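Same chain, two partners: chain A is paired with chain B first, then with chain C.
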Partner chain A sequence: MNITETSNGGVAVVALEGRLDMLSAPEFRNNRSIIDPEKTVVLDLEKLDFLDTSGLGAIVGASRQKQNLACGIVLSCMNDKVRRVFEITKVQTLFHIFDDTAAAIDFATNRQSAST
Partner chain B sequence: MSSIITLTLPGEIMFVRFASQTAASLARLLTDENPPASDGAQFVHDFELAVSEAFTNSVKYTGEHDALQMLTLTFEFQPRQLTVSVRDANPPFSIDRPAPDIEKGQIGGWGLMLISKVMDSVTYRRDGGSNILSMSKAI
Partner chain C sequence: MKTILVFREEKFAWAHEAFPFVHPLLLPLCNKPYIEYPLDLAILAGSTAVRIVCDGRLDAVESYCEDGSRWGIDLSYAHMHPEDSDEILLGKNRRFCGDERIMIVRGFCFFVYNKRFDYKSEAASLPECKWAACPAGGSITLYGAPVTPRKDGKDAPMSIVPLDGMANYYRASMEALETGADNYVLPGYGVEPGCAIGRNVVMSKSVQIRKPVNIGNNVQLLGDTIIGPSAIIGSNVIIDRQSVVESSIVLDNTYIGEHLEVNGRVASGNMLNDPVSGASIVMEDPHLLSGIRESEILSTLPRKLTHALIALLFIVVLSFPFLLFAMLLRIGGLWKSSRIECHSEKPGKTISLDNIELDVKKPLGAIAAALSMDRYPMLFRVLTGQLSLIGSTARVAEAKHPNTPSSSLAYRPAVFSYAEAEEWPTTGGDAAIVERYHLAHSNAAADVGLVFKAFINNFHKKSSA
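For the complex of A and B:
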């Protein structure tokens, strides 16, 4: 799995590419923005080809680590394969989800600003 | 007439992808030969997902009980159906347990639920000291 990280103001945009499963979940969990409980993250899933429930658990776990933030992890650009896993498990109810990353960044930035 | 392929792999994390991507390749071969009425890419992805979940579960429990266990995957090809069985020597389990209710804060334990949703049939049996989880999907 490739992880690309960019900063957009106080929000980190973490883009995942490839497979998020039991094998790659530790790499995701240890990403510096993911592991930082004070960092708001937009998670771009457009190029994530494969997600199973080990990967899903890693995303939910990361979100819980950021539960003290007004906005911990926001999801963007889910493709159909990834969306299906979120919907079957009903995990999509735990997240704010946007079709494009710019809208997700705006939302996260506004939530951050409103809480300070 | 059916054809059977058997694959034996160490029950270790690093082989999860080997198992799931082999499943995807075999499913792709079958759908290339017998184009499905619905979405062939969805068929392949569902099969890959189900094997990833089943193999991952076996590896997780293998780690707790037997670090050296080998896991066996059996793929059975029929003209309009593909079945995969995952055999391990872990303690018995039930596939009838209730799905986690996220509205009640129950997080995790999604693997079997996901398998049951993406496959057409899922059966479990205990054979001697082994678990055999069989998952079928029609084309």
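For the complex of A and C:
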């Protein structure tokens, strides 16, 4: 899995590419922005081809680490396969999900400034 | 023009309870799934793409509607939070919206419209506004600048009836039936107005049909039955001889016995509802009155057999270590055994399980725990079918909360849990997530791998501790 990280103001945009599974979940968990509890992260899932429960657990675990549970991690550009995994496990209720990364960044920035 | 259809689970919770065999968005309304009405409205208003947004599950709707090609539109699906405002909703769907005009249709409501009017030019010409609304929460709102000027001054009729209970569901169905194919696009064929009949309908010569009626597919109307006026008969229905169905809705997969008079009722499977008072009666004959479902035994048999075989393997392989450790640990006082009552897979029932506590601080106890010796007696329950080899962590039935977990589909007590296999926390919401995923998606072959994975993970966890 490739993890690309960019910064947009105070928001980190972490783009995942490939498979987020048992093998790649530790790499995701140890990402600098994911570990930082104060950092708001937009997770771009557009190029994520596969997600299993280990990967899902890593995303849920990452959101639990954040100070702001509601928008510490905002998801964007989820494809249908990934969306179904979120739906079956009812995990979608834990996240704000956007179909556009720019909109997700705007949302995260607004929430971040509102909370500070 | 694009349309976003917004549904909140809270608004159709009543339909889940009243009609548990069908997703509320697919609930037949005059023999047409509910979701098709707002889709028709979106198409009449000139939408080329529609997105269905909900805060609950949409898999059943998705498998029915697919990508919308049957209506000639692009159909997509997304999730929302129940409290999301229109502004947030537009943000969450920004890529879908693009620069086009957007119509947001909110609420589990019946939209009263007339297909003969020109909604397309009206939707394109109105300024940003609430096109229609009802106090119970349903609304149609337009966003974005008008595309074309108004052609004529004729307002197309538009009102909203909230589907907030059985009474309004009945009223909306009757409205669709009585205005019929004049206002709505309805299924069925008919040479005269007020009478639509589906495919493969068998009726005896002595059947009387009194308009308006709408009859679905695969229906049998036996001798001397009287159907109508104002009767909606769903698909896969049998009305037995000399029965009368008047001002009533008979939903799919329902059998109406002989010599019965159904007047002003909603019959669904083995449930008969009175739309006025909201009272309902559950019939006692589920064989005849329920929908046809896959046999539970047949669907779970391969999985249970596999679990039993693997459990037998564990029993044989671990028998010698178990006898040895059980004897040594009992002598050393490191083996404490008690009985606990846990929820069974079957709703409302409990099973009594051996709860073995090992003193893991001592090396012998730690080795026994690493080899899952405390689970050994539970393996015999897999052979009898009371437990699965891998599934959910058995939940203790408390005296205060004796009922089983609300969704028995997502609970199957087992020797090892999926959460252990995936190294997730084994209790609470996190465990529920991974268990629900595997209970829905795993199969016999995958279970075998996960059992060994759970066993090895348990070994590593206990031995490192």
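Everything that follows uses one rule, which is that the second predicted complex is superposed on the first by the 112 of 116 C-alpha atoms of A that agree within 3 Å, B and C clash if a C-alpha of one lies under 4 Å from a C-alpha of the other, contacts with A are read in each partner's own complex, and residues count from 1 in each chain.
The rule is simple: a residue touches a chain if its C-beta (ideal position, glycine included) is under 8 Å from a C-beta of that chain, and two chains touch if they have at least 3 such contacts.
Keep in mind that what you see is a predicted model, and the values were worked out from it rather than measured.
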Q: For A:L23, decide between first (touching chain B), second (touching chain C), both and neither.
A: first
Q) Is A:K81 contacted by the first partner chain B, the second partner chain C, both or neither? A) first
Q: Determine, under the contact definition given at the top, whether A:F107 touches first (chain B), second (chain C), both, or neither.
A: second
**Q.** chain B versus chain C as contact partner of A:F98, first or second or both or neither
**A.** second
Q: Of the two partners chain B and chain C, indicate the one touching more residues belonging to chain A.
A: C
**Q.** Contacts of A:F50 with chain B and chain C, given as first, second, both or neither
**A.** first
Q | Interface residues of chain A shared between complexes with chain B and chain C | A | 22, 53-54, 56-57, 60, 84-85, 88-91, 93
Q | Interfacial residue positions of chain A with respect to chain B in the complex | A | 19, 21-23, 50, 52-54, 56-57, 60, 64, 81, 84-85, 88-91, 93-94
Q. Can you list the chain A residues touching chain C in their complex?
A. 22, 53-54, 56-57, 60, 77, 80, 83-93, 96-100, 102-103, 106-107
Q: Give every residue of chain B touching chain A within the complex, in rising order.
A: 13-14, 16-17, 20, 45, 48-49, 52-53, 56, 59, 102-103, 107-108, 110-111, 113-114, 117-118
**Q.** Residue numbers on chain C that touch chain A, as the complex places them
**A.** 55, 57-59, 77-79, 81, 88, 91-96, 418, 422-424, 430, 433-434, 436-438, 440-441
